[in-house]
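This is the structure I want to talk about, given as C-alpha cells.
Chain nomenclature is as follows: A, B, C and D, assigned in order of appearance, with residue numbering initiated at 1 for each chain independently.
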C-alpha cells in the first residue's frame, strides 16, 4: 500500500478498547499518515459517547485526524484503507452465559479457548461475514484488521467465504518477543523465534537473539513471564507455551478456581465498564480512564497498529499473525488458519516456513484445530449435529454425556444470536 | 509363502489363550498344512502344563501335529514359519497396577487404551524387540503374528527397530464385518468397509454389501452390536466406532463404574485363571475349559489363523491389520502404525487406500497417535521426560498436575519391568 | 456385485476387437454368468456385420448368451451391469494424422504416448463423458470397463466430471506378471510386485514369487521380455519399464525408424482391417479371423474379463488398473489417475500402498502426468493456450518453436472431431 | 548477527570477479562494518596479483579495510563472519569440455543448466564440502555466501552433509525485481512476487507494486527484459521465466547457434581473462578493468552484499535465495534446495509460503529437481550408474543412446577432477 491520507474505520467502536487503538495510531503518526478515523457501531448511544471522547482524546494527544461516526457501513467503507474489527456479538451479557453454563458441567467456558469460545464463534462468524462482504463490495483493497474473538476461527471462516485481505490478530503471537525484550533487556527487533500452533494454542521455540540461540538461562528468564503455566512443565517441554494452554495443562485446578469465584470475568468486566463509560461520557475528560488498564487487552493497540504499519511500510516486517496454513504446518490442511510467524509487507501477509517443530504438541494442535474447523462449519451451516461433533472434538469436552446436554443448554441461552440454528422455527 | 510342513511357534505359550489358537489351526488344517507346533514361555511350570494339555487337545481334535516345548527361542525359531506372540510382561500382577493406580487420579487405567496401556507398552516393547531380533537372526522369512497388547504400539516399535515381517493383530478390525454378518445375515466375504484409525481408536465407514452401500436401517442394525457406545451418538456420527472409544466418549461414567467395582478386570482374571489352569493340569481333561469363554479373546484365533492363511494362500485376502501408515492417512507420518484395511497375500501385508474419511475424527486420532509415538520413544530410550510428554499428549490425561505424580507412582510400581528407566540406579 | 443374468454392453462394438472380448467372456462363463451381450456403435454397417458374426461365433463356442445390437445407448444401458468401451473417435483415419504430422516436426506421434495420444485424448474425452453421463442416468451401478485410448487420460477426465464406477484398463499393468509367468515358469497368482507410474509410463519393482524377492538372474529373465528397451539400461535401472518407455529412452532411434517406414501403424491397420472385416462379413465364417492376431491387443480380453470377474467375485483380486491417486504416489495430487496395483472386489477398485519407490523415475512420471493433466483440462475447456501448455509440458515436445506450429497443424487436421476448440467459429 | 569489525573471506579470490565484490562491500560500508577482507585461493600466482590489485582498488575507493591473502583456510576462517565462495574447479579449461563434448551429441553443455552444469557440480561439490567442513570446524557461526555454480546443487549437497549456515546465491532471483524497477520506473522495495522453482529453472508470478497486482501492460513491459525467451510464449504463460529456460523452450535453435559458433563461452572468457589479468597485474592500475563488464556476473556483488547486509541488519529483508524446501513447494521433498522468496534476517534465511502456483510448470520443475538430486547423490558417492540415471532424468538428455556414450566421454575428460568416480583405479 502506498497512499497518503489513510482512512481507518473501527467497527465495534462502541468497545471500551477504542481509545487504546487511537493512542496507538497517534504514537505512530510519523509512519502511518492517518487522515480520518471513522467509528461504526450498532449501539448508537455508546457510539455517540465514544465519538465525543475520541475527539477530546485526539485533541489531548495533539493528533490531528478527522473523527466521525456513522451507523452505515457503506458510508464508512467507501474509501477506507483499514477496517479494524473488535465486535462482540451479544456483548458481555452473552459472555456471562459462555462462562457460566459450561462450568455447571465441570467444563471450562472461557471466551476464546473454552466452550464459551465456541459459542462466541458461532455468534460472531455470521456477523463478521456480513462485514467482510461489505468490504468486498465497498473497499476491496482495504485490510481487515480483526481483533474480534476467537480470532483464529473468525479469520478462517471469513477467508473461506470472502475474498478479502484480512489479518487475524492477537497480541499473544508477539508476547514471547515482548517477554524476551523485558526479561533479557534486549531490543525487540533482535529477537526471533519459530512459533507453531493456533491462536491461544501455540508454542514458541528456536528463539534467537541477534542470530544466536538463547541459552538455557535465558530461556528460563523468558519462561518466568508465562505465569499461568507451571514453570517446571515449561522447563521440561523447553517450549514457551501460550498463556492460554493453562486451560489444557491445569484444567482441574482452574475449574475449581472458577467455581469458587463470586463473579465470572464477564460479570467483573460489566461492572468495570460502567465506571469506564461514565468517564468516557464525562465531557471534561480528555484522558484514558485509569480503570481501562484493569480491562486488559494492552497489547491490542501495539499489534493492530503494528500490522497496519507493516502493510503500509516500504520494507516489511516479521510478525506473528493468524493466516491460512498453506503447507506451513504439514499435518494441517491448507485452508486451516494457524497463528505463525509471517512476513508482512505491502505484498500482504505470508507465512514463513517452520523448521523442526516439536513433535510432542502435534496431537493437541491437531485436536484443537479439528474442533475449530467443525465449529466454523457449524457456524456457517447452523447444523446442530456438526456443533455436537465440534464439542466431541474439543479436548476439554470430548464426552458425549457432557456434550449433549451442554449443547442444548448453550443453544437455548444464545438462541437470539444464533439464528442459523433456528431457521425452521 | 509356499511350503509344506509349516512350523508355528507360540511365544508366551503359557497363556491360557493357547488352546484357542490350536483349535483355530486345527479348523484350518485343509488350507494351512502345519507340521509342528512349538510352545515357548519363560514360565516353565505353565509351559509344561500347557504342553501336556495341547497334546491331549490335539488328540481329541484328531489333529496330527508334532507338539513340543522349549525355553530356547533359538531352538524354536530355526526353521519356523510363523511366530505367534502373546506375551504379557509382568503378567496379570502388573496389570492390576495398570488398572488401579490411574483410577486413584480419576484416570482410566485400561490395559490397552488407558494409562495402563501405556505402561503395558513400556514393559512389553523391549521384550518384543528382543524376540524380533531373534527372528531376524534365526528365521528372517518367518511372519511375526503379534497379539501382545497394546498391539499398535508394539508393532510400531518393533518395525522401527527391526527388519522383520510382522502383523499387528486385533480382532477389533474384523469385528464390523462379523457384526454385519450376524446382524444382517449376510456372508462375511460380501462385506467391505473403509476403516480409519489406530488399534482401539478407529471408525468404520462406507460399508458395502455385495458392492451396495448399506442402508440407514442396516447401519442401525450393525451399530447395535457396538454395545459400549451410546446408540444415539453412533447414529449422529454415522460411523461404527471401536468399542474401546467408550473410554473417550463416556469417560466419567466409566471412571465411576470402575471405582465402584470390587475387583479390577485383572483381579477377576487372576481368579478365573486359577480355575482354568487347574483344568489344563488335569491329565484326564482333553477339552477346552468352559471357563475359558469368560476369559474373552474369542476372535483371537480367528484373526491370527486368518492372517497365517492369507500370507500362505494363493490368492490373498482383505483383512484389517496394524501396519505402517506409508501415506494411507495423510495427516499421520509414514512410520506411524495404523489399523487399516489391507491386502494380505504371499507378497505381505499392504494397506489399501482410504477414501473420503470423516473429518470429525481427525483430532482424536492425531492426538492418540501422538501419545503412542511418544510412548514408543519413551519405551526405546527410557527417558522419563518423554514418558511425561506421552502422558500430557494422552487425551485421557493431559493435565500436568495429574501426569506428574501419576508418572512417578506408575514408574515405581513397575520398576522391576522397566529397567530402561532405571539405568543409572 | 452379486447378481445372476448379467448384461454386458460393448460400446464401440464395431471395433475388430469385439470377438476377442466375446471369447474371453465365453472362457469365463463358469464364474461370470452373462445372459446378454449388447453391441452398440455409431457405424451401423459395421454393427450389423459384427452382430451377425458374434452370433455365429457364440454358436461356434457353444456359448449361450442373447446377442443383440442397438444404436440407442439408453436402450442398451438400462439394466446393464458392465459397459465395455473401446471407442476410437475419428477412427484409424484420424489416427494416421496423429502419427504422421508430429513426425514432420521430428516428434513422435504414437496414439497413446506421443503427440498423437494427446489429440486422441482431445477427441475421445468429450465423447466418453457423454457415454459416462448416460451411465450415470441409466445404469448408475454398472461398471465402465474402459479400453479406449489413452486410457489414463480418459479415465481421469471422466472421473473428474462424472460420478460413475470406472476401471481404466491396459494390459500393460499385468504384463510383468505374464512375463514372469512365462519366463520363470511359475503360476501367475504367485507373482506380485510394486508398480509406480501412469499408463504407458510406469516401472515395476520389488517383484516377489511366493513371497520371496526375485533373484538377479530371475530379474534378467523377466527383463528380456521387455524387448523394446535396451537390456543394459533395464539392468542398470533394475526396474521393469513399460514397453512404451522406449519412446522416452530411445527417441531418436525410433523417430528415424518411423520416418523410414512406408506406412504408419494406422495405415497398416487400415489395410489389415479390410481383410478382417471381409471375414467377419462372411456368413459362413464362425471363427475369429487369423489376421486378427496381427492386429494386436491380445491382452485386452484377458484384463477386461479379469476385472469384470474381480468386481463380481466373492473374494477379490490383485490387479493393476488406472485409478485416482488419492495419496498412493506422494508427489502427485489426489485426483491424478495413476496405473497401480489395486485390490479389486465387489467393493470396487482401490489402490494398494506403494513402498520405497525408485527415486530416479520421479521426474519423468511428474512431467508426463503434468502433460496429461493439462491435456485433460484442454479437452474439457477447448482452450488452445492450455493445449499449448500441454505440449510444452510433454517431455517429447517441450520446445516452443515446435509446439506452436505443431499445435496449429494438429488442431486443423482434427477440426471436425474437436468442436470444443472451435466454438466461436 | 550483531558485531562490529566484520571479517569477509573470499574463497576462490583468484577469480576475476573479486573486485566486483569489493566494490559492493565498499558501497555498503555504512551498513556493513567490514574490518578485514581475506583472499584465499589455490592458485598462488593469481592470488598475489589479486591481493595487490584489491589493495590498490580499496585505496582508490577510499575504503579502509585490511586486505590480506593466505593459502590456509584455517588461518582465514578463524574469526571469519562471511565466507564468500566463488570457486570453479578445473577452471575455464574444464568448462570448455563441459560446453563442447555434449554438443557433439546434440545436447546443450552450458555450465549450469546443461550437461556441463552436471559435471561442474560433480567437480565442485566435493571441494565445497571440504570448505564447508572447515567452516564447521573453524567458524561455525559464519555465513557461507555461495556463488559457485551450479549454486542450487552445490547448496543442496553442502546442507545435506554439513551443519553450516549457507546462502545459495544467484542474481537471477532478484532479476524480476530489477527488471520491473527499470521497466516500470518504480522503487525496488515496492516490488514483490511469488517465485517458484529452482536456480535457473524458475517462474515469477503474482507480481505486485505497492501491494497492487501489476496490469497486463506492466507485465508486458517487464517481460521484454527477459530477452532470451520468445515474448509470445511469455505472454501465453503469463509468467516471467528465468532467462535460462531458453535452453528448455528453444533447445534446437540454441543447439544450432552453439554449433555454428567459433568459440564456446568458456573459450571466449579464457581470452577475455588474459586481458583482464594483465590489467590486474599492472601495478599502476587502480580501477576495475573495462573488459570486466563483458565478463558478465554484474548482479553478483549486488546480491552477495545484499544477503550479508540482510543477515547483519536489524530488521530483515525479502530476498530470493536458494534454500531447503521444507514444505514450501508441496510436490518436492523437504531437503530439496529450491530458489524462492525468503525472509532474510539475523535469524537466518527462511522461505516464505507460496500461493496458488501455476500448475503448468510442475512437470518441468520436478524433472529438473530429480536430475539435480541424482547428480548430488552421484557427486557424493562417485557411483557411475547414479550419474547415468541423472543424465536419463535430465530433460535435455533423457535418451539412453545419448546418455551412455556422453557419460563415458565426460567422465574421461574430467577424470582428474572427479576422483570419487575413479577410486578403484
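Basically, contacts are C-beta pairs under 8 Å (C-beta built on N, C-alpha and C of every residue); 3 or more make two chains touch, one makes a residue touch a chain.
Predicted model only: the values in this text are computed from it and were never measured.
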Work out which chains are contact partners of both chain B and chain D. A, C
Would you mind checking which chain's C-alpha centre is most distant from the centre of chain A? C
Any idea how many Å lie between the Cα centroids of chain A and chain B? 45
Mean-CA-position distance for chain C and chain A (Å): 56
Which residues of chain C are in contact with two or more other chains? none
Touching chain combinations (by label order): A-B, A-D, B-C, C-D
In their complex, what parts of chain B are in touch with chain C? 1-2, 141, 187, 189-190, 192, 208, 210-212, 311, 314-318, 326-328, 330, 343, 345-348, 350-355
Residue set of chain B touching chain A in the complex reads 230, 232-233, 236-237, 248-253, 331-332, 359-360, 362-364, 366-371, 373-374, 385, 388-389, 392-393, 395, 398-402, 404
